[in-house]
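By letter and in written order, the chains are A, B, C and D; residue numbering begins at 1 in each of them.
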Amino acid sequence: MEIGIVGLGKMGFNLALNLLDHKHEVAAFDVAKESVQNIEKEGAKGAYSIEELVSKLPERKVVWVMVPAGEITEGVITELESLLGKDDIIIDGGNANYKESLARSARLAEKGIHFLDVGTSGGTDGARNGACTMVGGNKDAFSYVEEIFKDICVEKGYLYTGESGSGHFLKMVHNGIEYGMMQAMAEGFDVLEKSPYDYDYKEVARVWNNGSVIRSWLMELIENAFSKDPKLEGLKGIMQSSGEGKWTVETALDYQVATPVIALSLMMRYRSLEDDTFSGKVVAALRNEFGGHSVVNK
Amino acid sequence: MEIGIVGLGKMGFNLALNLLDHKHEVAAFDVAKESVQNIEKEGAKGAYSIEELVSKLPERKVVWVMVPAGEITEGVITELESLLGKDDIIIDGGNANYKESLARSARLAEKGIHFLDVGTSGGTDGARNGACTMVGGNKDAFSYVEEIFKDICVEKGYLYTGESGSGHFLKMVHNGIEYGMMQAMAEGFDVLEKSPYDYDYKEVARVWNNGSVIRSWLMELIENAFSKDPKLEGLKGIMQSSGEGKWTVETALDYQVATPVIALSLMMRYRSLEDDTFSGKVVAALRNEFGGHSVVNK
Amino acid sequence: MEIGIVGLGKMGFNLALNLLDHKHEVAAFDVAKESVQNIEKEGAKGAYSIEELVSKLPERKVVWVMVPAGEITEGVITELESLLGKDDIIIDGGNANYKESLARSARLAEKGIHFLDVGTSGGTDGARNGACTMVGGNKDAFSYVEEIFKDICVEKGYLYTGESGSGHFLKMVHNGIEYGMMQAMAEGFDVLEKSPYDYDYKEVARVWNNGSVIRSWLMELIENAFSKDPKLEGLKGIMQSSGEGKWTVETALDYQVATPVIALSLMMRYRSLEDDTFSGKVVAALRNEFGGHSVVNK
Amino acid sequence: MEIGIVGLGKMGFNLALNLLDHKHEVAAFDVAKESVQNIEKEGAKGAYSIEELVSKLPERKVVWVMVPAGEITEGVITELESLLGKDDIIIDGGNANYKESLARSARLAEKGIHFLDVGTSGGTDGARNGACTMVGGNKDAFSYVEEIFKDICVEKGYLYTGESGSGHFLKMVHNGIEYGMMQAMAEGFDVLEKSPYDYDYKEVARVWNNGSVIRSWLMELIENAFSKDPKLEGLKGIMQSSGEGKWTVETALDYQVATPVIALSLMMRYRSLEDDTFSGKVVAALRNEFGGHSVVNK
C-alpha cells in the first residue's frame, strides 16, 4: 500500500522505517528538510510540502499524521482537508484529545473524508519494531487500511475500537493507567531508598521481572535505567506530563468516577515541578500562628 | 485547689499563669531554672526537682504534666510513679499517643494512682486565656479536679470523654482533622495564587471570616498571617508535623477506615520536607527510557 | 435603592426579605406564581414576567439574578440582555462557572450593560440574615450598588474582588476549601465511630467549638446535626455535589497545582454515589486470578 | 537436597511439587492429614507432626515454613526452635511482617539456627512452575540452600537481598506496588465502563498486552478474567487485603515518604468493604444543615 506520512519526528520517522520494512511505499513530509532527506535515503519519496505529498499519492489517498497534538495537528488536518476528497483517509496517530478527534471526524465527514483516530503505544522503539495501536473511526476505512496496522504492530497488537474518538479515548485511558503504574513503582523504590537496607535496585527490578506479580515492561525499563545509573544520581526528579493523564482525570470527573490513583499520580507530577509551594507557605504560616512554629525563608 | 505543674514550656507556663489567674495555688518545676524563677515571680511556688515539687503538694496530690510526648513524658511519669500514692492524680496534658496513655493508666492503677489523659487544644494563646480540653480516665478522679478544667478552659470548652485513652485519642483525631482543614485552605490559596486574578489574600480571608461557610479560627489565623506578610514571602513552604496526624492515619488503617484527606494532608507535609524525590527520579528515568524525555540533574 | 430580583427559591426569597428589612424597594419575579405572591405579602412588588419586572424598575436598572447556574441562568441573562440598556447592572448571585461569567460580562459590555459576578456564601440563613459576598466586575458598577452588599451582608462580609470573573472564581475556590474541610471533619468522626470508645458526638463537636483549633461554623453545624440525630441514623451517606468542587479541581489541573485534598474530597463524594464499583470488580477479579481469592456476586 | 516443608496449603503444596520435579527429597507436614497423604502420593515423605518432620531430615536440617503469617507462623517457628540446632536453617516463605522476621532471626541466632526471610511472588502458579523469591538473612545459610531457589524459581527469578528482614521487606514493597498497579488498571477500566463507547474489555486488555507501555502480567490476568466474564457481572467489587499493603504505607509514614498512590489503593480497598460510611453521613448532614439538601436513609 502507498502511505503518506506527515511528521518525521521520533515517532513518525521510526514508523516510516517500519512501513518500509514491510514493503509499503512511503511518501513523507516534514517541516525539517533534513528529516525528509534522511527518509529519502531509506527509500521513501520525500515531499517538501503537504501539497506535494498529497500529489504523490495514488487515488484513495491515505495520509498518516504523526505530529504534536493541538495546534500543529489542527493545522495539518485543515490543510489536508482542502487537498483530499471523498473516501480518502486521514489517520491521526498522535496523542490528540478524543473530543478534538470527534470534532475533526465530523467535520471531515462532510467532505466524505474518513478520519481514523489512532492511539499509538510502545514508545519510539515500538514505532520502529512493532507498535500497539487502537483505532477508532469508520469501519470500512479501517478495513481498507487494516494491513498497515497488521504490519507495523506486534502480533495481536492492534484493535479496531469502534466509532470515532474511541481510539484516542482508549489511548488516553491507557496513559492514565501508565501514570498510576509508574507512580506506584516509583513510590515503592522511594520506600526502598529510605529503608535501612542496601538494595541493588537493578537487581531488585531484575528479580521482579522474573516470575513476580508485578513483572511488566515498565519494570524492565526501570531495570534498564538502574543498569545505567544505579542510584539515578544523574536525574532530577522532575516529572513532566503531556495531556493524556490530565484528560483522563477530567474525563473521570465528568463521569463522576473516583480515580484517586490516577489523579494523585498526576498531581505528584505537578508537585515535582515546583521548588516551593504556596500551599506549603500557608500551612507553615498557620503553624506559626497557633503554635509559634517558625520556618523562615532564607 | 493546689496543683503541681511539671514543664514550663510555652504551653505549661501559660497554663500556670491561667491557673494563677483563677486563684489556684501552683507549684511548678522545669529543668530550666530560669523558667522556675519566672513563674515564681508570677506567684507560683518554684520547685527545682520533681521530688521537691511533690513534697510541696498537700494530700491527694494533683500533678499536671506538660512536657513533650515520648521519652520525656515517660521519664517524668516514671519518676512521679515512685513519689505518688493511692488516689493521687497525674494529668498528662501533652500530646501522647493514646496507646501509651492506656498503658500508663494501667500501670499507675496498680499503685492506685489515677491517670487522666488530657488532649489540649487552642495553642499557646488558649493555654493562657482559655483552652479546650478533652479528658479521659477515671471518672471520680476527673470529678475531683473538674474545677481546674472549668477554670482554665473557655466556657463549655472541656469534656469528660470516658475511659482511659479517650482524651488523647480524641485529641489525636482533632489534629488529624486540623491537618485536613489546613491543607484544604492552603490548596485553595495556592489555586488563587496561580490564577490570573490579583487577590489581596488578607482581604479574602477577612471576607471568608465574615458570614461564609468556611469561617473558622484557622481562617482567622490565615487572615493574621497575611496581614503581616501579604504573600508569605518570608516563609519557606516546609510543613513539619508532630505525631498526631500520623497516628490518626495509622489508627484509620488499623480500623480499615478510608481517610484519604487526612492521609494526603500528612503526605504533602512529608513531600514538603524534600527538595527532590527518589520517586520523581524513577518516573523521570522511565519517561526517558520509553520516550526519550530527558531531565538531567545539574 | 430599588432592586429587581429574578428567582425566589430558597436563596432568592431570603435575599429579598433581607433587602426589604434594610428598606430597599424590591420588585421580584419567579416562574412559580406562588412565590411571587408570597413575596408581595412581605412588601415587594410582584412581577409575573421578566419583562414586567424590568418595566417596574426606575432608570439605571439593577437586577439581581438568583437562579440555578447553567442553562437557567443563561436563559434569564439572555432575556435581560434584550430588555436592559447602557449602564444598567445585572448581578449574578448564583454559582455560575467563572468562565461563563467572563463570557457574559464581555457579551453584555457590548451593549453597555454591566455584569457583576457575585459569589454568595453562608447558606439560606446567610441570605436571610447576613451573607458573605465576593463581587467581581466593573468597579464603578460595584460602587453604584455597594450599599446593597453593605446591607445584606454581615459586617465586613463583602469584598470587591477585581475584574470580571473574580467573584465567581473566588466563590468556586471557597467551595473547594469547603469540600476539603467537610471531608476532613467527616473522616475524623468516622475514625471515632470505628474506635472502641463511646463518644457522644454532639458533645465532641461542642467541645471542639469552644476553644479548639478546629472551631468553625461547619463544626457548629455538625453539632446541630448530632443534636438532632446522635448517630445520624436517619441519613444515607450519599454526598451529592454541585459544580464548584469539580471546577476547582479542573482549574487546579489547568494551573498544574497539586490539590490532593480537594480532589479526594470530590472523588469520595463520587464514590458515595455508587453501591458497587467496576474498579472494585477488576481488583477482585485480579485477586481471584493470581491467588484464588474469590468474591462472588450474590 | 532434602527439605522439610511445613504447610501444604495452595502455596506449600505447589512448592512441594515444584521441588519434587527438581529431584529434591521432600518431607512434608500439614495439620490437614489429607494434604499429607496427597503429597505422599506425589513422592514426598509424609509427617504427621512437626517433630516427626524434623526427625526425618538429615543433619543440617532445612525446613521451609509456608503457613499464614502471624500467630500460625509464630507457633510453627517456636516449635521448630525447640527441635532444631546449630546451623540448621529455617526458611519462612510466607508473608510475615519484616519486623517480626527481624525479631525471629535474632532470637533463633541465639541457638545458632539460621533464619531466611523469603518473599515469594508469582501466585500459586508461580509456586508450582517457577516462582520469584527475595531472600534475606545470613549469607552462608543462603549459599547452602541456593540450589533450592535456583530450581524452584524462574530463571533469574531469585535474589539474595542482604541482611535479615530484607527479603520480607522487599516483598512487602512489591505488594505495595502491586496494589497501586492494580488500582491504576481498575480505575482505567472504570472510566471505560462509564464512557459512551462500547469496548470489549478482553480485547482491550489483549491489545494492551501486545506492544503497549502498560503490558504486564497483571494485564494478562485481566485479559483472562474478562475472557471468562466479559463485564465481571459475577463479581462483587469487594477488595480484600492482606497485610503487606498496609505495612508498606505504615513504613512509608515511618520514613516520611509520600506514597499517595499506594495509600489510596489501600484506602479504596477499605472503602469497598463498606456499604455506607459514617463520613458520608457527616457530609450529608452538613449539606443538609447549610443548604437544606436532604438525603434520607430509607
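Just so it is clear, a residue touches a chain if its C-beta (ideal position, glycine included) is under 8 Å from a C-beta of that chain, and two chains touch if they have at least 3 such contacts.
For each chain, UniProt lists the protein as follows: A, B, C, D = 6-phosphogluconate dehydrogenase (Decarboxylating).
Predicted, not measured: the structure shown is a model, and the values here were computed from it.
Taking each chain's centre as the mean of its CA atoms, A is the chain most distant from chain B. Where chain A touches chain D, the two copies mostly use the same residue numbers: shared numbers make up over half of all numbers in play. Inter-chain spacing, taken between the CA centroids of chain C and chain D, is 48 Å. Chain geometry summary: the mean Cα position of chain A and that of chain D are 34 Å apart.
Averaged C-alpha coordinates put the centre of chain B at 39 Å from the centre of chain D.
For chain B, residues touching at least two other chains, in rising order: 123, 183, 185, 187, 190, 194, 213, 218, 256-260, 264, 267-268, 271, 277, 279, 290. Against chain A, in their complex, chain C makes its touches with residues 213, 246, 249-250, 253, 256-260, 263-264, 266-268, 270-271, 273, 277, 279, 290. Interface of chain B with chain A (complex): residues 10, 123-125, 182-183, 185-187, 189-190, 193-194, 218, 221-222, 224-226, 229, 232-240, 260, 264, 268-269, 271-272, 275-293, 295-298.
Residues 121-123, 126, 130-134, 153-159, 161-163, 165-166, 169-170, 173-174, 176-181, 183-185, 187-188, 190-192, 194-195, 197-199, 203-204, 206-219, 248, 251-252, 255-262, 264-265, 267-268 of chain A are the ones that touch chain D when the two sit in their complex.
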